[in-house]
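There are two complexes below, and they share subunit A, which is joined by subunit B in the first and by subunit C in the second.
Entry: the complex of A and B
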């Protein structure tokens, strides 16, 4: 009897859960979860989602301070809005979720613009170019995905464009998925997989920083761009960001950002191919 | 709620549920074996080993599984011991669970009156016969609730396996949300799959506790 009662109790909980999630998925778009520009200004703090473990774009330095290319831009946004920036650490797979639930106002976490993501969030003008790349140990440099055998694993980070690309285009490759950049790098160093596929900026940085690794495939798939994102429908904030990015082109802000945060890793060689000013629109 | 999507990804969750169940069960069985050995070492006050077991119980119970997994998966390769993710998950569960199981069995064995063992020995049973036929059945009855609670607890602990790239239920749901942004559907599948594994397990526990109570009727 007790067991049966317990079973029914569990069934009831499950039914409740179904109805709640059904209503959530039905009403998510109806209720605004985001804060408009005026609400952010009134509050005096803007919440910006950044990476804490993606060197040199968004990371925490030895003093516990957020640093990197994305963070440099985030600080500037705070300055020009005249509010304090509250950095919220995010993982790749959480970025859309954080905007949909209003946990952050802006995502500035090396967020590649894709059509699927654009259905869920609103992207502002892009500020960086990106493609996918594959890094592997010098002992066996992978220059073509065809070199991978059935035993080989390829590291990807859950929720990234690299994961999405390989699932769609190379379903025969066995992926080894990690939830954070830190874990993925550690796993590659430990030799748990044949290669690591990610944004080419990231794998180039890894190969430059760590001896014994080569980016055998520097560009995979299409050329994409990276842009800030806001919650779907948050037009006031989106328009402000677009105006900001256009205005910053005048002072070549993103070149300065590159020279402050990225030059130590990439040198000047990549500056013009990576950086986008004013959303890439020619003046 | 997109039921067509749910139908499409159901095999993925089936695979993840199987991995959760497989690694969970293997880890729990190993943990139980470690627990029995540990409790026996404490019971017979085996010199040196007894102290090692006590220290092990403290370490395993007072560090999070996530930390133990990190140590096994990311730490050991630095000194040349490489493990694959599934082995690592099972070893982590066995390490964590072994400590809890040792304590559960120890308290069960201690609850059996020493008179029972003395009587068994005086009737001509050898020490191991006395342990297997007299002490263990009564100890099991006392330990059963704690052991079953540990079993359910350990099965749920598999949800941190994402740290070592194991596609368990939790990581599969997170991954799907990150890839296709189907939050409601993913969470529903996640809860449903966990209930399907854990509900029968806890019912089995209730059933076993009731059956074993007879063995303990003498105490």
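Entry: the complex of A and C
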């Protein structure tokens, strides 16, 4: 009897929770969650979601100030809108959620444009390129995948786009898979493999930090891009952002951004391959 | 001594930022703890009575809180309410609501148990002396019950302080997030900073929780 009652009590409260969550998912697209451009201007503050621990794209410096490539752009957006910027610390996993609930107006957190994400959020014009890169020891720099012989192995990290790409396009290459960046880097340093393939920003940073390695292939396969994103359907803000990005090309804003924030990590030689001006359309 | 990268703590405002992060964590957990203790005592007393509808509610509430990870509750409160009802709760408010819901359920159960453990003869004697039911509770039963539940209540509060590390997922920057920010911003200059910074965070959590456990020990001794 006691157990039955306890069961009913739990069931009742659980039913309440389920009904709430059902109504949550049901009403997700019911009305506009986002703030239009006019509403942001009237409020005087724009909420921008950035990373707070992804050096050098979005991080917090020793004075507690947000800094980085994405943040530099976010500040400019605030300046040109004429409003204050309220930075919201986001994680990779909750970026879409923040836009779907309108808790931030714009996400500027190294957000790679993918078709799956584009179904849930609206991407503005891109402001950075990201592609795959291959780093190898100076003793034998791999500049073309054809240089790899049957005994050569290539390190990848499981679940990355590099792994998918090589399996699909170069099935003849033997892959050596690791779960963590630390293990992959150790393996390369120990000479376990001929090269390491990953996002080019990662391998470039590795080559610059470690003597004796060169990025022989700085960009492999399809180019992906990084762009600001707004809530699905927020056209006024999206159009403003696109106009802003086009206008900023005139002063080569993102080159300046790169020189202020990324040059310490990537050096000047990658500036033109990483930076996109005017969404890459005007060039 | 191995290189712990402790020098990053003295860069700029880093150490102060960690303390501010600790204060955020403590603010959320202590406000929630206060609400939980007051609401929990009320709920526990109400649920302690036989054939009370509150007993039924408390059971269901507890069952849900126990099966739901706190993180799910935080997401539901922060993102879910803005989808469902269009509320725009701040991260900190959402955290306090969730922690209070959790704490009230657990505290209510503790109080119910503690009240139940006070011998029936105490209540009967008090009633025989002519005390009214509220007086019986306030003057006879609760003072005895509270002594019995102090250790578990303190345990609940320290668990709350530690669970605040989850609130970074709803945008609240607390001590652990500040630690990660410091480590990542200095990864190139001080690659070993992770050890030193996490060690500092460990000491800070310890110093925050230790007075509570000491107080609990003192009270137990005092009331024995």
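Heads up, the rule we're going with is that the second predicted complex is superposed on the first by the 191 of 283 C-alpha atoms of A that agree within 3 Å, B and C clash if a C-alpha of one lies under 4 Å from a C-alpha of the other, contacts with A are read in each partner's own complex, and residues count from 1 in each chain.
To be clear about the criterion, contacts are C-beta pairs under 8 Å (C-beta built on N, C-alpha and C of every residue); 3 or more make two chains touch, one makes a residue touch a chain.
Everything numeric in this text was worked out from a predicted model, so none of it was measured.
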Which of subunit B and subunit C A:96 touches, first, second, both or neither: first
Touched partner set for A:179, first subunit B, second subunit C, both or neither: first
Partner chain in contact with A:116 - subunit B first, subunit C second, else both or neither: first
Touching partner for A:209 - first (subunit B), second (subunit C), both, neither: second
Shared subunit A surface residues [contacts with subunit B and with subunit C]: 6, 10, 14, 17, 21, 24-25, 93-94, 97, 100
Subunit B-facing residues of subunit A, complex: 2-3, 6-7, 10, 14, 17-18, 21-22, 24-26, 92-97, 100, 116-117, 120, 155, 158-159, 163-164, 167, 176-179, 183, 186-187, 190-192
Interface residues, subunit A side, partner subunit C - complex: 5-6, 9-14, 17, 20-21, 23-25, 27-28, 31, 33, 52-55, 59-64, 88-91, 93-94, 97-98, 100-103, 209, 265
Contact set on subunit B toward subunit A in their complex: 1-2, 74, 77-78, 82, 84-85, 162-163, 165, 167, 171, 174-175, 177-181, 183-185, 187-188, 191-192, 195, 199, 202-203, 206-207
Touching residues (chain side subunit C, partner subunit A) in the complex: 8, 11-14, 17, 56-57, 59-61, 63-64, 68, 75-76, 78-80, 82-84, 86, 88, 168-171, 173, 177-178, 180-185, 187-188
